[in-house]
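This is the structure I want to talk about, given as structure tokens.
Letters are used for the chains, namely A, B, C and D, taken in the order the chains are written, and counting of residues starts over at 1 for each.
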Amino acid sequence: MTAVETAVDMGTAIGSVPIPSPVLTASGCSAFGRELEPFVDLTAIGAVVTKSVQLRPRSGRPTPRMAETPSGMLNSIGLQGPGIDGLLAEELPWLAERGVRSLVSIAGTRVEDFAELAERLRGVPGVLGLEVNISCPNVESRGEVFACDPVAASDVIAAVRAAADPAHPVYAKLSPDVTDIVSVARAVTDAGADGLSMINTLLGLVIDPDTMRPVLGGITGGLSGPAIRPVALRCVWQVHAALPQVPILGMGGIRTGLDALQFVLAGASAVSVGTAVFNDPSALGRVHEELAAALSARGFASLQDAVGHAHRPVDA
Amino acid sequence: MKGQNGHSGALTAPAAKAEHPPVQRVAEVVGRRPVNAYTELRLAAPEIAATAVPGQFVAFAVGGPLSGSLLRRSIAIAGTGDGVVTVVVAAHGPGSTWLAGLQTGDVIDVVGPLGRPFPMPAPGTPALVVGGGYGAAALVGLAERLRATGSPVTAIAGAASADRLCSVEELGSVADEVVVTTDDGSAGRRGWVSEPAAELIADVGVVYACGPMGMLRAVGELATAAGVPSYVAVEESMACGIGVCMTCVLPVIGEDGRSRFARSCAEGPVFGGDRVRFADVGKLPYDLVGADAMGVVAP
Amino acid sequence: MTAVETAVDMGTAIGSVPIPSPVLTASGCSAFGRELEPFVDLTAIGAVVTKSVQLRPRSGRPTPRMAETPSGMLNSIGLQGPGIDGLLAEELPWLAERGVRSLVSIAGTRVEDFAELAERLRGVPGVLGLEVNISCPNVESRGEVFACDPVAASDVIAAVRAAADPAHPVYAKLSPDVTDIVSVARAVTDAGADGLSMINTLLGLVIDPDTMRPVLGGITGGLSGPAIRPVALRCVWQVHAALPQVPILGMGGIRTGLDALQFVLAGASAVSVGTAVFNDPSALGRVHEELAAALSARGFASLQDAVGHAHRPVDA
Amino acid sequence: MKGQNGHSGALTAPAAKAEHPPVQRVAEVVGRRPVNAYTELRLAAPEIAATAVPGQFVAFAVGGPLSGSLLRRSIAIAGTGDGVVTVVVAAHGPGSTWLAGLQTGDVIDVVGPLGRPFPMPAPGTPALVVGGGYGAAALVGLAERLRATGSPVTAIAGAASADRLCSVEELGSVADEVVVTTDDGSAGRRGWVSEPAAELIADVGVVYACGPMGMLRAVGELATAAGVPSYVAVEESMACGIGVCMTCVLPVIGEDGRSRFARSCAEGPVFGGDRVRFADVGKLPYDLVGADAMGVVAP
């Protein structure tokens, strides 16, 4: 990421923690950051949002784990990962040593799992906060996804907020697969979420015309990429309109600075770039530069001034 | 090569990481020609040509400026020299068909070199290289490198039919012997590469293979049964090619003897033929690290 | 549509009404059929699904009414149309004269509106059935969309089924913007729906980077096209798995015969081609031919044999 | 032309439907050349060339086989002859930039001819044609047709600057007089086309205009004020181009004097300059047919 001649103050914050750039990775789309080193200055981006970690190491699902779809992809990785011990032993120290900020994504299938993970992450160097991936099946509720039920979702967030380092902002990551995302947003905010990450993938399916069966072993998977951007923007818009004081980490199909600008104007104070990294490993730095240039061209002195701008009357 | 193995009695040590990090750049197509059923493309990409080692691959963005295909297509590097990277593309689905249609003067976004190179044997070790279809192209550079370190090289190139053979001439100019097989007998010996491989394996100290999964499995198992270390370059469906998405995994036995889902782009594409659990590809064996957390239990 | 040498029996049905082709237009994506005449043999396709009609003529919304999105588009037409009188006087006779089957899409903002429309369409020549577009705001429930509430949705369907010509199958058109589409599907089926059309568009938003405001005057719009196909397929899959006896008219991003095949394998017994017509006005005939060829290549003797095939065990 | 109007005292009758239905075909680019800031493309499309009438347009699928851009791009027909359709493309967003990058030998899916042609005046009626930017290209064929039916033709071509002028030479070879204007004075008269138009309008019996909306409005209002019928070819955002999507509407006064949202692809793109409610484009006036059902009430 080379500096560009622009007067725009790109600083923003995750909860109350300041970060120098509004552009972050998206959980599960940049692993733990290492592999992006040849392409991106990881210390210059907002933070590395780590792949969702659970208590135990997980193999993840068998392949095939993905299918390409029009302007997007379907995935079903099954949260392959080293577990919290591996994360604490290997990945977070690597990031911390290099001065890379991390927003640690945690996942579980029981409320207590989430709380334990939050507890284990207290005071860990380099960790700036927690993103809570509640798009996981709740084993105590016949596998219903936490994020699809305002009560289950707020149970998780309340437990995480209570267990987490007080210095760690807690962001709840919402699923778009609900009738009323504002009610979920309100519930988790009331339960103590310091901010909202939105959106997670949409539930989708692809059938292989050769095998004539679903491509993915898990049948359905998560749809991501530019294809879902209008849905993501709608969710950010609706939630910002209803809860203008709640910080939003926006994501879903961001590929360019102008895409990121749309999220900022809709109400996001920071953005994650996910699937676009697979297309362009240099995307994070590029999106930062393009967003800075776009804000500058539109006369904004700071990113903050643009947050939610699209909600204001045109003459404002 | 024998004895370099880990604790598990495996014949191979895992392939080491490449020395040079990958780069991303826009490259111009400086040449194209049909090669049997395939298209050979030559790309001006000096940084990649300068650092690539046989076994590595590049990943292309496909479809042009309005493309709705986001995922990169991985293609093995078939040769490097004079700042040019050569690849051989088989038009298969929409992405590779688009690649195969590139014309001289077109530009394309490429990332590389990616993946781990083929490990080299002790100098002078006689080597067998086995290529299936366009997979043979990726072995030309390896054969050259082996020759340069004093290894006598025997090559086998196989395909379904004569028109799907690849790089036979190039292999011929570096290998001591080239055996050609086709399933339909339209060129060389009728049958699979595994037949000549079985005959030749006793005379070599290391085997390398690149081609379809079934072929890799046959060659890998043959070598392991003969006590010869083998390295195979696998071709798993990849979304990113750089190691961040976890879509390209297959079950691989690690140095500690435990099996894990390894990323074929970052821990591979070159794996020890005795380390890939071919029978379990596409499955979730209970003894994989972390399979228990997925609810898979020992039978 | 030129005949192709294929032995596959492409016949299917809407409810109990047989149709010779499983490929239909999608409501709102082929107006009332006329404009496709130069490109498609309208008598050979399954039916023309007409643009949703309401009781009164409607001007529709001001422009801009659309935005292109990655592999899709966002629209907010506002149901511009001639009203039921215009439909009965101009459009349906035109179709009937030519022997073109029509599946008439009806829409309203009150349960009684829907019932009155169904009543008016009794016995009209050429009309093979009704598709009920319940993705409209319910004026009696603070503008909540009928399709997002199983109770409101089934109220509409029950009223339509009671008022409609008994010979007219009634298909309920479902919205994907719900937490649990199966519960809506079950409710409307229990209320008398003879089949289900799915899916309608997803709610989306695009912000114009120049004006820095939503492109559409109505702020949000409906997302359609190949981008949403995995979501549509997932909905069809889930509903067919839960209600295998209920006929499904599948749609959402169908562009080719192989796309249509995926819907059939997932459980649809007929398909609508919507946004793809904008890209390729000849799409309907082409999709029919491609689907027939794909079924033939896979050894199916009839379309019916393939319906829901992807749910069967691989060895079946 | 006067007196052909409907009941409403309008000066114009609505443009009539084209005689020939459109076709869809894959056409080869048989020529391309830069024309100032634009690209002129020549396409082999005999069925379209044979039936197209001035005022009509074609709609192109853009982006190639992996395209994520589904909506067709509408482009006015600038000329036809010898089985070839000529268009002039201004690279603007991604779709038109892709179009402008087409090379000779490339193929493209095209639908046309679409829309309603410019209505012709009584033979011999003196005519004024006014083109803005690349809009002038669409008037060349019209000017020829007018001349062929005995109309003396005066042409005005305007643009922001000299490099954005178009078809000045071609208009010069058919019109009796060509007036050029540029906003910055870099060619011809400094200023807008409306100035010479105001001077010339008294001498003609019909006015035609093609170009940006603001220009169409100025010319249309000028003509209507002078009691001269005018036809304008509008450029609204279109998703399908064939009349099925209802995205391309604008408020137009019908023959019965009532205003409706008319599809600019199917009822247009040519409308009477006195029939388009320019001030209400992008709005929903209460007196539109069906506005009441949208909840819009008279103020």
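By our rule, a contact is a pair of C-beta atoms (placed from the backbone, for glycine too) under 8 Å apart; a residue touches a chain by one contact, two chains touch by 3 or more.
Just so it is clear, the structure is predicted and the values come from calculations on it, not from any experiment.
Asks: Hey, which pair has more contacts between C-betas, A-D or A-B?
Replies: A-B
Asks: How big is the gap, in whole Å, between where the Cα atoms of chain A centre and where those of chain D centre?
Replies: 47
Asks: If you average the CA atoms of chain A and of chain B, how many Å lie between those two points?
Replies: 34
Asks: Quick check: how many Å separate the C-alpha centres of chain B and chain D?
Replies: Here the centre of chain D sits 57 Å away from the centre of chain B.
Asks: Mind pulling the residue numbers of chain D that touch at least two other chains?
Replies: Expected reply: 68-69.
Asks: Two or more other chains touching the same residue: where does that happen in chain C?
Replies: Expected reply: 70-72, 225-226.
Asks: Viewed as a graph of touching chains, is the assembly arranged as a line, ring, star, complete set, or other?
Replies: The chain contacts form a complete graph, every chain touching every other.
Asks: Which residues of chain D touch chain B once you look at their complex with the stated criterion?
Replies: 62-69, 94-95, 97-98
Asks: Would you tell me which residues of chain D are touching chain A in their complex?
Replies: For chain D paired with chain A, touching residues are 68.
Asks: If we count contacts the way the header does, which residues on chain A are in touch with chain D in the complex?
Replies: 70-71, 226
Asks: Going by the contact rule set out above, which residues of chain B touch chain A in the complex?
Replies: 21-24, 61, 68-72, 109, 111, 236-237, 239-240, 242-250, 260-261, 266, 281-284, 288-294, 296
Asks: Quick one: in the complex, what on chain A touches chain B?
Replies: Residues 28-31, 34-39, 51, 54, 56-66, 68, 70-73, 75, 77-78, 80-81, 83, 225-226, 275-282 of chain A touch chain B in their complex.
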